[in-house]
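What follows is a set of notes on a single structure, which appears directly below.
Chain lettering (A, B, C and D) follows the sequence in which the chains are written, and residue indices restart at 1 in each chain.
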Amino acid sequence: MQLRYFAWVRERIGRDAETVEVPDTVATVGALIDWLSARDEAYAGAFAERDAIKVALDQEHVDHEAPLNGAREAAFFPPMTGG
Amino acid sequence: MQLRYFAWVRERIGRDAETVEVPDTVATVGALIDWLSARDEAYAGAFAERDAIKVALDQEHVDHEAPLNGAREAAFFPPMTGG
Amino acid sequence: MTHAKSAENAAPQDDRPPAAITVRIQLEDFDTAREIERLSETGANVGAVVSFTGLCRDENGRLSALELEHYPGMAEAEIGRIARDAAARWPITGLTAIHRHGRIAPGENIVLVVAASRHRAAAFQAADFLMDYLKTRAPFWKKEHLRDGGSGGWVDAREADTRAADRWSR
Amino acid sequence: MTHAKSAENAAPQDDRPPAAITVRIQLEDFDTAREIERLSETGANVGAVVSFTGLCRDENGRLSALELEHYPGMAEAEIGRIARDAAARWPITGLTAIHRHGRIAPGENIVLVVAASRHRAAAFQAADFLMDYLKTRAPFWKKEHLRDGGSGGWVDAREADTRAADRWSR
């Protein structure tokens, strides 16, 4: 699965994209965040403020309860501040 | 007193401006319309739909109940349709 | 008749500098881009500029032109009063209103309102308010000229325009 | 999270032709006048064109620039979804949204929205709606660069922007 990070999530994780093999037991967006957070302190730090993390699956906004459903790309970012 | 007429009020009266001597007994906008309507059929026709007649005294909107209060200019016109 | 709360009676909301208000009534066309640019440059703290351009429609091919009659002097004065009202209600940095008169063909500009502010809500609301009051209070009247050569007569005031202006009464 | 009613689920309101929707994400500046003109010419029955221009403020001299990061692909897709939503809600003839990314200095343009319609209420509302949702849903993030040479960090999302977008939920 392709992962992408933006703004301060990107800065805290220290990269803007990576490809990971997600275990079948990780079925939702929330579980994916938990699984990444367990990898090392950079991820744990980036995802610590769980409510501030917005997620898109295949470039569409989803809630943390959303199933991954075979999505090819997940993106993590803070609340948007464009416009 | 200088009188001005616009749009279909102007067309029905047949002129766009005139100067009249208004008797002291004519004290309000409504009384002025009555007095003009009594002059001839053109005025009576122009002012027949009384609710459709808007009035400005010295270039400010007023209600028919407004006192003339020495205004130098009165204008009569239908509801505005600019913009 | 609906009366806007007058600018003179409105309590000053803060110590901000007065908004730059421009009102023009003219025969010739206006340059929308230049007017937007002018208000964008009223200060480096302008964050939002909203423009409204009103155009002459051809009413599905029925119209050859609109003829706009106005009350010279009062037109400028009344739009100025409405603009000062808007500037008293919202923290705007600039407000421009230009209204054409005379004969206007379908597709041509009739009216332009531009509002600039630090924030977008104020700019949107001031422009929307100005247009609503301009429609119901500025002394302009439209007469239709038809494509078949005749006169379509004077355009009737729309009840919807009066309701729109009533939204702002508090 | 607030979800706009999707364009796909909205019942068609009449048999009107589909609105001309343009979405662009770009580094370079845009030409507001040209975009307004383009939508004014989508038909002789366009009576109202509303534009919103969002500019970079200097925040009382504190900022030297804003840096706008975005999510390529999703930015276009999400703004396109919001624009189709707007076109399903209001009878508009054209809707354009252009959002810049990269480094933007105070006084420069950031975003442009233009809405054209037969009537002014639809044009105002569609532009206002598009801006509200664009602020809260389009994947852009602003970082401040300070005049004293430092980084002011990432701009926080404003609660007021979320409330503004919530106005449109029915």
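By definition in this document, a residue touches a chain if its C-beta (ideal position, glycine included) is under 8 Å from a C-beta of that chain, and two chains touch if they have at least 3 such contacts.
Remember, predicted model here, so these are calculated numbers, not experimental data.
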(request) Work out which chains are contact partners of both chain B and chain D. (result) C
(message) If you average the CA coordinates per chain, which chain's centre is most distant from that of chain D?
(response) B
(message) For chain C versus chain D, what separation do you get between their C-alpha means, in angstrom?
(response) 23
(request) Would you kindly tell me how far, in whole Å, the mean C-alpha position of chain C lies from that of chain A? (result) 48
(request) Between chain A and chain B, tell me the centre distance in angstrom, where each centre is the average of that chain's C-alpha atoms. (result) 71
(request) Could you tell me which residues belong to chain A and also touch two or more other chains? (result) 83
(request) Please list all residues of chain D that touch 2 or more other chains. (result) 54, 120, 131
(request) By the touch definition up top, name every chain pair that qualifies. (result) A-D, B-C, C-D
(message) Under the stated contact criterion, what part of chain D meets chain A in this complex?
(response) 1, 3, 54, 68-71, 73-74, 77-78, 99, 110-111, 131, 134-143, 154-158, 161
(message) So in the complex, the part of chain B that touches chain C is made up of which residues?
(response) 4, 6-8, 54, 56, 59-61, 63, 75, 77-83
(message) Looking at the complex, which residues from chain D come into contact with chain C?
(response) 32-33, 36, 40-41, 44-61, 106-107, 118, 120-121, 123-124, 127-128, 131, 164
